[in-house]
Amino acid sequence: MLSAETEVRVRYAETDAMGIVHHGSYIPWLEVGRIHLLDTLGLPYSEMEKQGYRLPVLRVSLQYRSPAHFDERVRVMAKLETLPAVRFQIHYLLQRGESLLADGFTEHAFVGSDGYPIRPPAHFRERIKALWPKLK
Amino acid sequence: MLSAETEVRVRYAETDAMGIVHHGSYIPWLEVGRIHLLDTLGLPYSEMEKQGYRLPVLRVSLQYRSPAHFDERVRVMAKLETLPAVRFQIHYLLQRGESLLADGFTEHAFVGSDGYPIRPPAHFRERIKALWPKLK
Amino acid sequence: MLSAETEVRVRYAETDAMGIVHHGSYIPWLEVGRIHLLDTLGLPYSEMEKQGYRLPVLRVSLQYRSPAHFDERVRVMAKLETLPAVRFQIHYLLQRGESLLADGFTEHAFVGSDGYPIRPPAHFRERIKALWPKLK
Amino acid sequence: MLSAETEVRVRYAETDAMGIVHHGSYIPWLEVGRIHLLDTLGLPYSEMEKQGYRLPVLRVSLQYRSPAHFDERVRVMAKLETLPAVRFQIHYLLQRGESLLADGFTEHAFVGSDGYPIRPPAHFRERIKALWPKLK
């Protein structure tokens, strides 16, 4: 497993008329966590885009356990639980202090310049393998 | 099954730098479809809120099949596949013409004035039962 | 003056913890009104993009007069008050029934394939002139 | 003048199909800068809300000078240029390195529990006066 944790501070724009964070506002937070995970792995997404790869989201699944509110700090942990194949998942835990706010996953596939799904680029696979705990 | 269909027109603000609609932008569209379904059932959400009930989202699960683009019209079909219990799901199909763009579900529970999950209000249950095809 | 009016229905995602529409949510509504105005003039923005022109926003100025709420219908009127030069403004009136909710303008310039501001394309200028009331 | 500076990192969700940050995405960044300014002054907005005050936005005016892109760091400087009266403005400078990306202001008034504009609360005025450079 490879994981990384970052933090977001809840923006007023992310709340809704229930007085809590709108469920849709969590989706960009998952992205923040995912981008941070890729940074931590030495595979920044902006670099991959420059090399012609994209990593669109094929699926989102998120369970909301406890509401978040304006100005709270939310820790976003993103993790790779298995070595990425053509399709792979990134899992998330969102917490405020010890409270679990939400957990779930996104599913991804790399897409090449022709717009079709491809295997993860060699550079990406090698880097992940090099960092993977069990394979070290 | 009870269902309703409405349409959204893609806003430029809903696209991202991949040139397609950002995956997070679909979440408010599910909401548009859900609100429209409740309207169609004679159970407008704004009325339920006035009566002290809220219907937060407990889970989102969405699969992205084909990208949407600026200015396209996307049909959003929302449907109740089973009679709502304490927790219940609303399913969605998003289509452009005959193309399936995305499908998935949201999970909900009614919450009362004390913030705790409750059974769907009597008015809601009776209305759904009265409209339910098999029970007519 | 050339103008067009369309309507948006307030999404829950557009509200905030004050129980009203977040001020940032109006910006995409201006865009909806602007896109509709261009449609009405026979100059759909998606066509202009295909021809290699873009029309970025150089300035936004908006005054909030009265709050909007979930599920309300907001009429968005967009208008061209002067013949477009290199820089030009589109003005907006946002109303719910007879109530003025907000008014303001956006400023724009066409940008060509090299990314630099250019005069409005000939097709655009001729179309606007042909429709302009005083010049008919 | 009282000012404070913070930084946002551009989210993919904040970009649009032009490949740059959507103009509407800057509005929550102004909010991030404003909230940070109030924190710095010892007047956190979440505290003011708990005391029954709200500080809605009455006007937004923003000029876009140069586009921002995914993953860039944008510094947001918010400043009070005059002592707040019933209506007051907060000014903003958004920069990436030495490049000016945008500048503008928001206008605000405190609103009390009855929803009507009021003078800034005594605590707020005293705190600002105590910190104001010329009045020290």
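Letters A, B, C and D mark the chains as written, and numbering starts fresh at 1 in each.
Operating definition for what follows: a contact is a pair of C-beta atoms (placed from the backbone, for glycine too) under 8 Å apart; a residue touches a chain by one contact, two chains touch by 3 or more.
Keep in mind the model is a prediction, meaning the values are calculated, not measured.
K.L.:
Report which interface contains more C-beta contacts, comparing B-C against C-D.
P.N.:
C-D
K.L.:
Which of these, A-D, A-B or A-C, gives back the B-D interface, meaning over half of its contact pairs coincide by residue number?
P.N.:
A-C
K.L.:
Could you work out how far the Cα centre of subunit A sits from that of subunit C, in whole Å?
P.N.:
35
K.L.:
Counting in whole Å, what is the centre-to-centre distance of subunit C and subunit D, each centre being its mean C-alpha position?
P.N.:
Spacing between the chain centres: roughly 25 Å.
K.L.:
Just give me the whole-number Å value for how far the CA centre of subunit B lies from that of subunit C.
P.N.:
So the centroids are 29 Å from each other.
K.L.:
In subunit B, what residues contact two or more other chains?
P.N.:
Counting only residues that touch two or more other chains, subunit B contributes 12-13, 20, 24, 27-28, 31, 70.
K.L.:
Show which residues of subunit B lie in contact with subunit D when the two form their complex.
P.N.:
The touching residues are 12-13, 15-17, 19-20, 22, 24, 69-70.
K.L.:
What residues of subunit A sit close enough to touch subunit D in their complex?
P.N.:
Checking each residue of subunit A against subunit D gives 11-14, 27-28, 31-32, 35, 44-46, 49, 70-71.
K.L.:
Mind pulling up the subunit C residues that touch subunit D in the complex?
P.N.:
Per the touch definition, subunit C meets subunit D at residues 18, 20, 23-24, 27-28, 31, 54, 56-64, 67.
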